[in-house]
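Chains here go by letter, A, B and C, matching the order in which they are written, and residues are numbered from 1 within each.
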Amino acid sequence: MAVSDRLNPGAGYALMVVGALLLAVGSYIGLFVAPSESYMGDVYRILYVHVPTAWNALLAFTFAFGSAVAFLIRGDFKWDARHEAGAEMGVVLAGLLCCQGSIWAKPTWGVWWDWDPRLTTTAVMFFAFVGILALRRFVEDPVKRATWSAVATIIAYVDVPIVYFSVRWWNSLHQMQSSPETVSAPFLIPLRTNAFGILFLMAGLITLRTRLARMRLAQEMAPPLPEVAS
Amino acid sequence: MKQLAAALYKEWLLQSRALAQLLAVLVFGATALLLFSFAVGPNYELLRAIAPGFLWLALLLSSTLTLAESFQAEMEHRALEGQILLPANPAALYYAKALANWAQLTLLGIALVPLMVALYDAQLPRPLALAGIIALGTAGLSAPGTLYAAMTHQARSRQTLLPLLLFPLVVPVLIAAVKATSLLMLGDPMSQIGSWALLLITFDAIHWSLCGLLFGRVVED
Amino acid sequence: MTTFDAIAAIAATAAIDARGLCRRYGRRWALVDVTFRVAPGTSVMLAGRNGSGKSTLLRVLAAAIRPDRGSATVLGHDLGREREEVRRSIALLSHASYLHEALTAMENLRIAARFLERKTGRDALLPLLAEVELDARADDAVSTFSAGMRKRLALARTLLQEGSVVLLDEPYGELDPPGFRLVDRLFGTFKARGATVLMATHLLDRGAALCDEGLVLEGGRLRWHGPARELPEQGGLDPATLPEGAR
């Protein structure tokens, strides 16, 4: 089929390999080479995946948002495919982020969830985009599916800063501790390595997923015209 | 504009024939408030503190009924399509519907207040301000809710899809409205209610404009 | 005038100019490569078996749904780019009645009149209801109406729109013999206004008597286009397989 010939999966696989390598290197440094932190001991090491995951989750959702806008403006279904891939990737990363947050919180504060504004916003985003993916599942017509989910993504994404500020305000009254964000220089190398590692991994996955979505769309939107009856 | 007036006229007629439905939603909200109180038990201090949260939860759950129902009359005989083909302005159709839903939810919220006072031993030092917060909060539910109701009414599994889409989106409304209601009922020593009201107004402004803009794309085929 | 100018002039005056219209539902193509042209003021009968694409074609021309391929102009307005102008020119009588159950006949009409920015007074709308013989039931809720009465109300709504192009999807459906005569009369009203009428119907003889031209759809494709009076014999529709009352 013409579409899959043009979309070479090679690039996607290559990105993933590079990403996996970087992630492996960065994690090794983070786990074994970097020194113990003065206040938090070894628990802090999860930051080496937590912070990069956070950056990339936001990137994935932003990519989904951009694709949704592009689709509504241009009407080209390749943007719908990218939108689907970005949304799925964002959901996976957001889910991971919440798990990592819990793994951090339990030994540190003794509770599984500490209502940190960023993490709470991520949880809300997770549910919002799960809803959007469910919407895509339940709508049969590809044009409606693409249009409606694009509209929903735009509204959800515009909501993100509002959610963040409202949770932050709400939280500040309770004086809760937030997850540590500033990391000093010696720790930057594994952090950046992992960030790029996850970035490449994500880019590879999105490329492959987009390809899959485009192939499915091509099948859906252009079934062969029936032959002329004699 | 004339189109908006026409759409409002239609909503007025439909609402005035749907009083039974309005009553049903009210009973639902009241029942929800009652059931929530059972989760806490006769602990008056706890009930008083938690009353704002439960009021808004009851409103949120009732809103799914109101919103889903609001498109029932339009989709029965494809009346919405009939209007679009006249042609009627889609934005006018949206705003009239969202306003109608807003009115219904505000009335519901105000009607639930006496019940809340009774069940949860709540105080009401500033009833007008409370009505204002209810209006701002339900506006935040109505704008995106009407848009999503239009989408999900045609999709499969519509009853689960509407809350699934709407609830994460209206988290800021829930937070701000509960906080503001709490401050109104339990005291506001640092005068924070202004900022929460501002958050609600910002949310409403963004969503009433954005959703109105996007509605046309949702009902086009 | 050169040949090019002549052709351009003809093209510019077509009421409906469809070119290669295709429309898909899921994997099934409901319309395949439909091309035809209708001059203004002509009345056209659209025939075909159930599922041949008649309703789909009417809905595409009314700008209710988009064609997946192909293009069309209605009174010179492009279906893809000028949907609002197309809708303004067209009045569609669909299978769905477009009515609100809970409201009265008068209220349903009044809502439509307000959106059309026309007169909404009782004296303006009651004559319309009288035309379809519903004036006695003007203030009764549509939920109390029979299927035939709903059809009449839908016809009144179509009449109200004063479209230059009138698309009727099985107008005789659900009506009794007096209702049939009513539709014939309304058909005459549309023609008297100079409207172009496209009517999908299974009543081949009746349609052939009323209309100037005929189109036959089969499997989504346009099988035949010619004078309406020849349609029952030439159109390739086997009378034995048509529904009751079609012949």
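The rule we apply is simple: contacts are C-beta pairs under 8 Å (C-beta built on N, C-alpha and C of every residue); 3 or more make two chains touch, one makes a residue touch a chain.
On a predicted model such as this, the values are computed, not experimentally measured, just so you know.
In terms of inter-chain touching, the protein chains here all touch one another pairwise. Every chain gets a centre from its CA atoms, and the centre nearest the mean of all protein CA atoms is that of B.
Most remote from chain C, judged by the distance between CA-atom centroids, is A.
The distance from the centre of chain A to the centre of chain C, each centre being the mean of the chain's C-alpha atoms, comes to 49 Å.
Chain centres here are Cα means. That of chain A falls 31 Å from that of chain B.
Here the CA centre of chain B is 40 Å from the CA centre of chain C.
Taken residue by residue, chain B touches two or more other chains at 221, whereas all remaining positions touch fewer. Touching two or more other chains at once are residues 140, 143 of chain A.
In chain C, 66 are the positions where the chain touches two or more neighbouring chains simultaneously. Residue ranges of chain C in contact with chain B, taken from their complex: 62-66, 84, 87-88, 90, 92, 94, 96-103, 107, 110-112, 114-117, 141, 157, 161.
Residue ranges of chain C in contact with chain A, taken from their complex: 22, 24, 26-29, 32-33, 66, 68, 218-221. Chain A meets chain C in the complex at residues 140-141, 143, 220-221, 223, 225-226, 228-229. In the complex of the two chains, the chain B residues touching chain C come out as 2-3, 5-7, 9-10, 13-14, 17-18, 73-74, 76-79, 81-88, 221. For chain B in complex with chain A, the touching residues are 144, 147-148, 151-152, 154-157, 161, 164-165, 167-169, 171-172, 175-176, 179, 195-196, 199, 202-203, 206-207, 210-211, 214, 217-218, 220-221.
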